[in-house]
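Everything on this sheet refers to the single structure shown next.
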Amino acid sequence: MARYIRLYWMMWIQGIQAQIEYKSSFIIGNVATILGQVTGIALVWVLFQKIGHLNGWSLPEIMLIYGIAALPYGFFELFFNGVWSLNRYIRMGDFDRLLVRPGSSLFFILADQPMLHGLGNIATGTVIILLASRQLDIRWDMCNLLILGFMVAWGTLIYISINTITACTSFWFVASGTNFLYLGQRFRDFTVYPLDIYASPLRILLTWVIPFAFTSFFPSTYFLDRDDYRVFVYLIPVIAVLFFGIASFVWRIGVNRYESTGS
Amino acid sequence: MKRLKKYLILTEQSLQVAMTYRVRFFTTMVTGLIQVLALYYIWKVVYAGQKSLGGYTLSEMVTYIFISYAVRNLYTFNTERKISENIRDGSVIIDLIRPLNYQLARFFESLGSVIFEGILVGIIVIAVGFGIFHIKGPASFMYGTLFAISLTFSVLINFSLSYAVGLLSFSTTSIFGFINAKRFISNFLSGGLIPLTFFPPWLHKIAFMLPFHAMVSSPISIYLGQIEAYQIANVLLEQLFWVIILWLAGYFMWAWASRKITIHGG
Amino acid sequence: MSSSPPPIISVRNLTKEYKIARRTEGFIGAVKYLFSRKYDTVRAVDRVSFDIYPGELVGYIGKNGAGKSTTIKMLTGVLVPTQGEVKVNGIVPYRDRTKNGQNIGVVFGQRTQMKWDIPVIESFRLMKEIYQIPPDIYKQNMEIFCDVLDIGSLLAKPVRKLSLGQRMKCDLAIAFLHNPKIIYLDEPTIGLDILVKENIRSFIKTMNAERNTTVILTTHDLNDIDSICQRAIIIDSGKIVYDGSIDAIKARFGTHKVLHIEVKDNLRQGDEVVQLPAGVTVQEFGEHRIKLHLNKEAASLAEVIQTLIEQYNIVDISIEDVSIESIVKQIYQEGWHE
């Protein structure tokens, strides 16, 4: 374990160095992420110029959900973004390089390409949360901060799991240049809004199949004192661990498949 | 004519390549349907108890969502990614030794995915719109025709912008930030996600000073018949203006970039 | 190299400098690097001048990093020179890439011109349109190439299913497809087996003989040069160290021989051969083997062998001409002194 942490740290530093190499891209990358968050929330703001509430949710409440959604996403990008390279690695035959290393190949791929622009997501998310909390009267005392910290950590694990599973499709559809990761990510777009605005099939999907709701909406309900969703808040760690288990399993099947077809 | 032929084969071949990515076609389509569906639900909730918002009734808004998706999707964001990948891995070298105009070649190459992923997915999504969500057709046959012309300009503007952004790879070695920034700004200011009439006046003004609205908002407003017949010429001319400006911008950027090339590897 | 036609490629004081940002190690270094940077300039090609005449077969040789690819990239118009002039068929390549492109064919050994996912034949069709090749020439060339390079059976396969050698043969055929006046080949035989190499060499020679195509070739396999080229340009650290005929090199070193001697006793360091005449150098010594390099003009072969027989219990002796490879090695190390 200690070895993995040390190794991870080294790989992370190297990955970061590779990015700092390109100074302007570091800056513009973060500017772009911030821009993405800002335009996203601006759309909601524009909409609220015309309406008073969205299915009973006020603008600050939606901002809180939006801000919390940005955190695990940002941490995922900053630390575990490597699964995005899986498709390219397999296509170019570079995946062998990871397989011959001593240790878990999933670990190596996750640590492979940290994206510094995750920082932009974390920063904007924090600012949006703070703006929302001012109007909602949420106090960020030690207790709340700790709880948020845990939720973000579990949320990051959920991101790792979902993205690993969708990335694994590359083991099956190599030549087609397809990336199911994009498809999975599109479902993330839903979860920056309250879950109950969607029809029930979509709600079930976002809760039990692609459980992004556990990374943003359910955590937010805790801070908004919506007791009707409390059960789902307790389920956050369960879902995270369960899906990580599924992800590891799918990964193993994928790798075995890769080895047996390897050219 | 002969000159055109050597560019048309680029379209044909990129179409062939696109067609080998059948699974990607499928995911693009599903992604598109999901996005449209999400917007549909959101707007339905937004309209709860309201007859009209920003000058749109709910059923007009549903039409807007579907058509705007088809228009946005017509031009995928592949051009800039391809250009920047070619520059990064050095395979641009192959394009440099060929007797082709780089800008034109990239344009015709990009048409392949416009045809396969843009038009085909667009048709499917719109068919779903007509079949299940009862969206409206164009205001009249003439409006439909003018809509098609406007779409052509939209593709040209889209390409020119993507091309210019892609060429930035010559000075920043990693370009994804620029690509994303462009995507976010254009999603926001083109009217792709929310009609520009919802914007407060100052933002509305800004949006109309920039080229993005000419990519999505202009063709849709023609489709929906929101523009009086006599004003359509103005809208089309404005689009044409942006086509020319942005094409020239790309032309000069290439003149500048192609002298700065260093090829990596080899 | 007759003097009547004007050179098809003419290069004067051609120079290319690359700017490389200087880095320090570690995380702190990386952060520092974020805020300030210093640049080193590398002179990859340094005031190179030469003329190449129509129909010449020129080998462009040098160690790794000598500046070969950089030169080729400037000749093809890919890179803009830092200084100096290039003219290819009367055109400054980087100023008029489109026009220059029509006159040249290029193979970059590490890259393919073909699209990865679609069949090989499609790439040929693409070239037909891009270079506006008349149908009869296209047909004729395809027949010749399929015959000589034996690529007919590959045409229907997608490129990613080709082996390296098969891909290279296709890329070579593509480069020659529009009957270009000049062909640049940057390491066309890299990583190929001897049969494919032979095939490619004879193809290039045939094309040159039949169409008077000018060929410029870089390679690390000096057998390529030996069998294809009449002229060699040797470059080292961006500078030309030799430019002349291969025959001149051979003539110069033709009197040189290499002796391989196998002896019965196990030789150790310190047991060096004594009393060798001038003009003989020891290249290897150890185990049961001695390798000597000798210039026949300075030392008599018989005398050397005599000396050896007196000292060692000899099992076997073989005498060879010096390979062009070791000649070039010597020129790299010592330069070409007249």
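Should a chain be cited, it is by its letter among A, B and C, assigned in written order, with residues numbered from 1 in that chain.
Heads up, the rule we're going with is that a contact is a pair of C-beta atoms (placed from the backbone, for glycine too) under 8 Å apart; a residue touches a chain by one contact, two chains touch by 3 or more.
The structure presented is a predicted model; accordingly, all values stated were derived computationally and were not measured.
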* What chain pair shows the greatest number of contacts? -> A-B
* **Chain whose Cα centroid lies nearest the overall Cα centroid** => B
* To do: Compute the centre of every chain as the mean of its C-alpha atoms, then state which one is farthest from the centre of subunit C.
  => A
* Structure fact -> Distance between the CA centroids of subunit A and subunit B (whole Å) is 27
* Asked: Taking each chain's centre as the mean of its CA atoms, how far is subunit A from subunit C in angstrom?
  -> 51
* Return the distance between the CA-based centres of subunit B and subunit C, expressed in whole Å. => 47
* **subunit C, residues touching no fewer than two other chains** => 117
* What are the residues of subunit B that contact at least two other chains? -> 20-21
* **In subunit A, residues with contacts to at least two other chains** => 21, 175, 177
* Asked: For the complex, which residues does subunit B have touching subunit C?
  -> 2, 5-6, 8-10, 13, 16-17, 20-21, 90-91, 93-94, 96-101, 258-263, 265-266
* Structure fact -> The residues of subunit B that touch subunit A in their complex are 20-24, 27, 30-31, 34-35, 37-38, 41-42, 45-46, 48, 50, 53-54, 172-178, 180-181, 184-185, 187-188, 193-194, 198-200, 203
* Which subunit C residues qualify as touching subunit B in the complex? -> 18, 69, 73, 76-80, 94, 97-102, 104, 106, 108, 110-111, 113, 115, 117-118, 122, 125-126, 129-132, 186
* Asked: Of all residues in subunit A, which touch subunit B in the complex?
  -> 19, 21-22, 24-25, 27-33, 35-36, 39-40, 42-43, 46-47, 49-51, 54-55, 117, 173, 175-180, 182-183, 186-187, 189-190, 193, 197-199, 202
